[in-house]
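Below are two complexes that have chain A in common, paired first with chain B and then with chain C.
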Partner chain A sequence: MLFKRPKNSLEGNTKIQLKLFKEKSDTAEKEMFTCKKCKKTYSKNELSQSFNVCPYCNEHFKISARERLNMLCDSVSFSEHDKDMTSVNFLGFEGYDEKLSEAKKQSNENESVVCGVCTIVGIKTAIFVMDPFFMMGSMGSVTGEKITRLFEYATNNSLPVVGYCVSGGARMQEGILSLMQMAKVSAAVKKHSDMNNLYICVLTDPTSGGVTASFAMQADIILSEPKALVCFAGPRVIEQTIRKKVPDDIQRAECVMENGFIDNIVGRKNQKSYLGKLLRMHMRYRV
Partner chain B sequence: MNAYDHVLTARSKGRNTCIDFIKEIFTDFTEMHGDRRFKDDMAVVCGLAYLSDIPCTVIGLEKGKDNNDKQKRNFGSAHPEGYRKALRQMKLAEKFNRPIIMFVDTPGAFCGIEAEQRGQGQAIAENLYEMSAIRTPMLSVLIGEGGSGGALALAVADEVWMLENAVYSVISPEGCASILWKDSSKAVQASENLKLTAEDLKSLGVVERIIKEDEAIFKNLHDDMYELIRKNLKLDNDELVAKRYERYRRMGKVR
Partner chain C sequence: MFSKILIANRGEIAIRIIRACKEMGIYSVAVFSEADKNSLHVSLADEAYCIGKAQVKESYLNMHSIISAALASKAEAIHPGYGFLSENSEFASLCDKYGIAFIGPDAKTMANMSDKEKAIQIMKEAGLPIIPSSKVVVNVEQAVLEAEKIGYPLLIKARSGGGGKGIRLARNVEELKYGFHVATSEAASAFGDDGVYLEKFLTSVKHIEMQIIADSHGNVVCLGERDCSTQRKNQKVIEESPCVRLSDDIRTKMVQSSVKAVLVTGYKGVGTIEFLYDGKDYYFMEMNTRLQVEHPVTEMVTGIDLVKWQIRVASGMELGFKQEDIILHGHAIECRINAEDAYTGFRPSCGKIETLHIPGGPWVRFDTAIYQGYVIQPFYDSMIGKLVVHAKTRDEAIRKMKAALCELIIEGIDHNARYNEEILDTEEFISGKYTTDYLSTLEMI
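Moving on to the complex of A and B:
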């Protein structure tokens, strides 16, 4: 299932932020940013230094996979896997080729997920981070293949996996094979777990559809960023089905946690130390 | 027949539903209810039955017959408890090395507030996760509509078969058209693009066998099932699970 968030929400933001990451010159420092939530205006540099979280109202804005990796991994510890793997329009789906090249331009990535190995506070970890600027983290064959390979690598090397999810769901332009990625990744997650390895997943805004119905909900520990939309069917799809308004908060992380599906909500600036603590606590005690 | 004709046929009134297949193919069907957590979801039918002399676990998504029945079964759209009920029966089957045969016919997992609150995504995720390694033969047959994740949650198996007029898709053609072209009336065009017919899916390697919909359908399906299940019962369970892993591992096209 795939859905799109209404145009008015965060889509406008993505462009502003993209520009922000690309222009790291002096001009960026002087450029100003107005928070959509609290209306405070401050320099883009300040926003970028706080990992795209509003320093005044704690609103978590979207952040690219690379920025997240910079924030999480110990310096120069990240080594990327399957960097050049890229999607093919094997169904000949109308408009998919154009969408792909647009997504590559927008995100500066080859696909909606970046995978690799790094250390987090000194602990070696396999990591995947989905990118909201690549077709809103849509899950296609390459997304599934890269994450599956990462889990297989982690299984073979007895590494924990840390995964960051952001996704509108399975990529309809790849038809049934995008649905099959859910089964493929799930099987790899199961194998990794059966060998007594740890998988921690962090849900970010939005995590939905086929990603929620597979690897986002299969982790040993499921964390979330504040106020992230976490759902299977998005509010619009539900409204079309039941013909009733869906209250805005019921699919937010805080509510999903109340319903028992999330272990904890952790703000972006605390995530590295929080993950580091969890990874360390899962190391086996030897007498 | 174009792709959308298949969609309409798969949804058409009077088409055989899960219960017909259970009645015609198996004997001594003994239904089991409930997920032992929340309630009994009538969109999912579970039970034990004989396939000739082989005791099996049978699980299926049932759309219902008359209006009353359809409402009771929520038109074949399961809630999380339906998937959890199915998984409970699969685990029981595994304990006795009893083969699991599943029938899929659903517009999709139900999209409602309560379904979300009880973890629709988590329920499907757990099925995919567990089913990838259940140590007993599994077969899934798509008999009508295969609606996205709600269908996949009962379609992780050693082989997946499909009736010639069944469809299986990541999203409904109407949903796809409304997202891509903001116009749900372009469903015909979307159906062509999505490649959701039995022929398409066989060529993509997602289904192993297409079942002809003629008068002998139940007899043929019975015989084919019997043959496959006997073959898979002879395999070592490690090998069976490894083959299932490989089946899904191959799926997807990348460069």
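Moving on to the complex of A and C:
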């Protein structure tokens, strides 16, 4: 700082009359949101109206599974599957129970994925959406089981599947059992595919670890949100291993697409119509 | 008292307010445009927030951006300075909505005073002298009758007019008769309304303004006048206080009128009542609901820190002085230093300041935001500083100002110090007889 702040104490000490202002600004503050990227501040209302995308710099912020479903599904068309299925700490992993109850409280969900059936622009679709606010979408046994069941349901009913991935990877608190979900879901995806059903996956920030290594990359069409981190091992893990700085953009969706792993990048606002178009193109007409 | 204030302005006035905050122990928050990131107010304030692009519409006039910065910094009040959002009633009500105190009048009073016609109506009802005018005249005969009451010369003005359109000057009956027909048909085609009225045309008038301050406890104090008649194209160049051509009798009347105007409007904070003075009578022109550029002149002769008191009354404090405590000591003159070339049509100048020497000595004050190496941006007002001097007599003040102007060195850009010096040397200025139109008659070398 160029100029030193003078040591003058506040003139008078009439803090009392400011109580009114304070109260008002406290409520106002709760309604405001500052974009981490472009530093612009605007009302939370404005943010949610643009589906948690910064209206100024197009930065895509995390969005809960329910909000995403509201955005994608035709109104009241969503019916949830396996709603009450929830994880248990079968390994007795220290602190896992607390973590689970904290995650439930924070996300208002029972598990890191919400599965069900809905219509998107009038086309009946099976859908799963992972929730970033539930342990960063970590894949536990219940996550895998719910997605497997959804694929099985879709296979039996000849429905396409739309999946939204956001995950930090397999849930370490469930050890090998969470890793097994990769194989289990993959098998269900294969069976679904063998019956000529469509599977579209949308990668969102971040999609990494076991999820990337299994169902996130097995879709017929892989889409992504702009600038989403798509990787197996995250940049910090790589840096700690090879002791070199990883370039910022190397694991971003744009770079991944350039290397052929993603088919297209679609902004959140256009996703519903884009998915609708794809689903319509691949609709199966029964003779 | 507020513990943190956001200053929604730039340049020298932002510096002036930040300095007051520092003395009062208030944390200051600066806002700046992308072009202003190297500005002095940004480094002088305790915190600073970028509020948008260089263009004022994107930054200093961007209400939501400024409110956001205030909320993010948890500022309790916003000081608008002058210009920009200082007389924007929408901004004042927006501040109120977000629970931020606006350092200025409430939105309603501000809206009333910024509507010129409404303001004149309010003042007329309060008994303030206003420029004599007629009601709408429907035919030539009526116009001639009304004109005799008002006296020539007069202006024929369109009722629905604006922006200088539909105005005709009439110096005598013949011109009135002719002008009436022209003005009505012009008004009908331009505004779809042929209603015209007559207003006294004041030539050779002085622009005299009275500084007032009012608290929320019903106290109103008038801090004397400023003579701002040295104007070029309606822009003030030199201001002084007191006005030499104002008799004590008229001054007392003007003080009373100003206090009355403030009481009638229920105004709070600092403000200025502007009058036109023709050497005999004075007429209410308009009210400025903000701190004025030329406020230092009043500060010098009254010894009252206007910015500090503005903040104090906004926070609910009672005024610490009464009308009878106000005595104007000596004489103060202010010259506006603009980055412009006075000898090639006052073309604005911008660029890097290579050398800067600021005049010093007793009772010399230079309010500025420039420093050596600073780059003057083309996006904003060309005023880069205000040189203010204070002395026992007017003559001494003029001498002091001339000396100070010669001491002011700003290399790298063009500025108008020499032009100011020439004005100070004119007969009209020395005698104090000058009126608002005299600069246009002043021939430039």
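Simple rule for what comes next: the second predicted complex is superposed on the first by the 253 of 287 C-alpha atoms of A that agree within 3 Å, B and C clash if a C-alpha of one lies under 4 Å from a C-alpha of the other, contacts with A are read in each partner's own complex, and residues count from 1 in each chain.
Quick note on the criterion: a contact is a pair of C-beta atoms (placed from the backbone, for glycine too) under 8 Å apart; a residue touches a chain by one contact, two chains touch by 3 or more.
Treat the numbers as computed from the prediction; the structure is a model and nothing was measured.
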| item | value |
| --- | --- |
| Chain B versus chain C as contact partner of A:Met32, first or second or both or neither | second |
| Contacts of A:Ile63 with chain B and chain C, given as first, second, both or neither | neither |
| Greater residue coverage of chain A in the superposed arrangement, chain B or chain C | B |
| First (chain B), second (chain C), both or neither touched by A:Tyr42 | second |
| Which of chain B and chain C A:Cys118 touches, first, second, both or neither | neither |
| Touched partner set for A:Val142, first chain B, second chain C, both or neither | first |
| Residues of chain A at both interfaces, chain B in one complex, chain C in the other | 1-3 |
| Touching residues (chain side chain A, partner chain C) in the complex | 1-3, 5-6, 8-15, 17-18, 20-29, 32, 34, 39-42 |
| Residues of chain B defined as touching chain A within the complex | 108-113, 115-122, 124-126, 128-130, 132-133, 148-149, 152-153, 156, 168-171, 175-176, 179-180, 189, 193-196, 200-201, 204, 206, 244-245, 248-249, 251-255 |
| Residue ranges of chain A in contact with chain B within the complex | 1-4, 85-88, 90-91, 93-95, 140-142, 144-145, 148, 170-184, 186-191, 194, 208-210, 212-218, 231-233, 237-238, 241-242, 244, 246, 250-251, 259-261 |
| In the complex with chain A, residue positions of chain C that touch it | 1-3, 22-26, 43-44, 46, 50, 64-65, 68-69, 71-72, 74, 76-77, 97-101, 312, 315-317 |
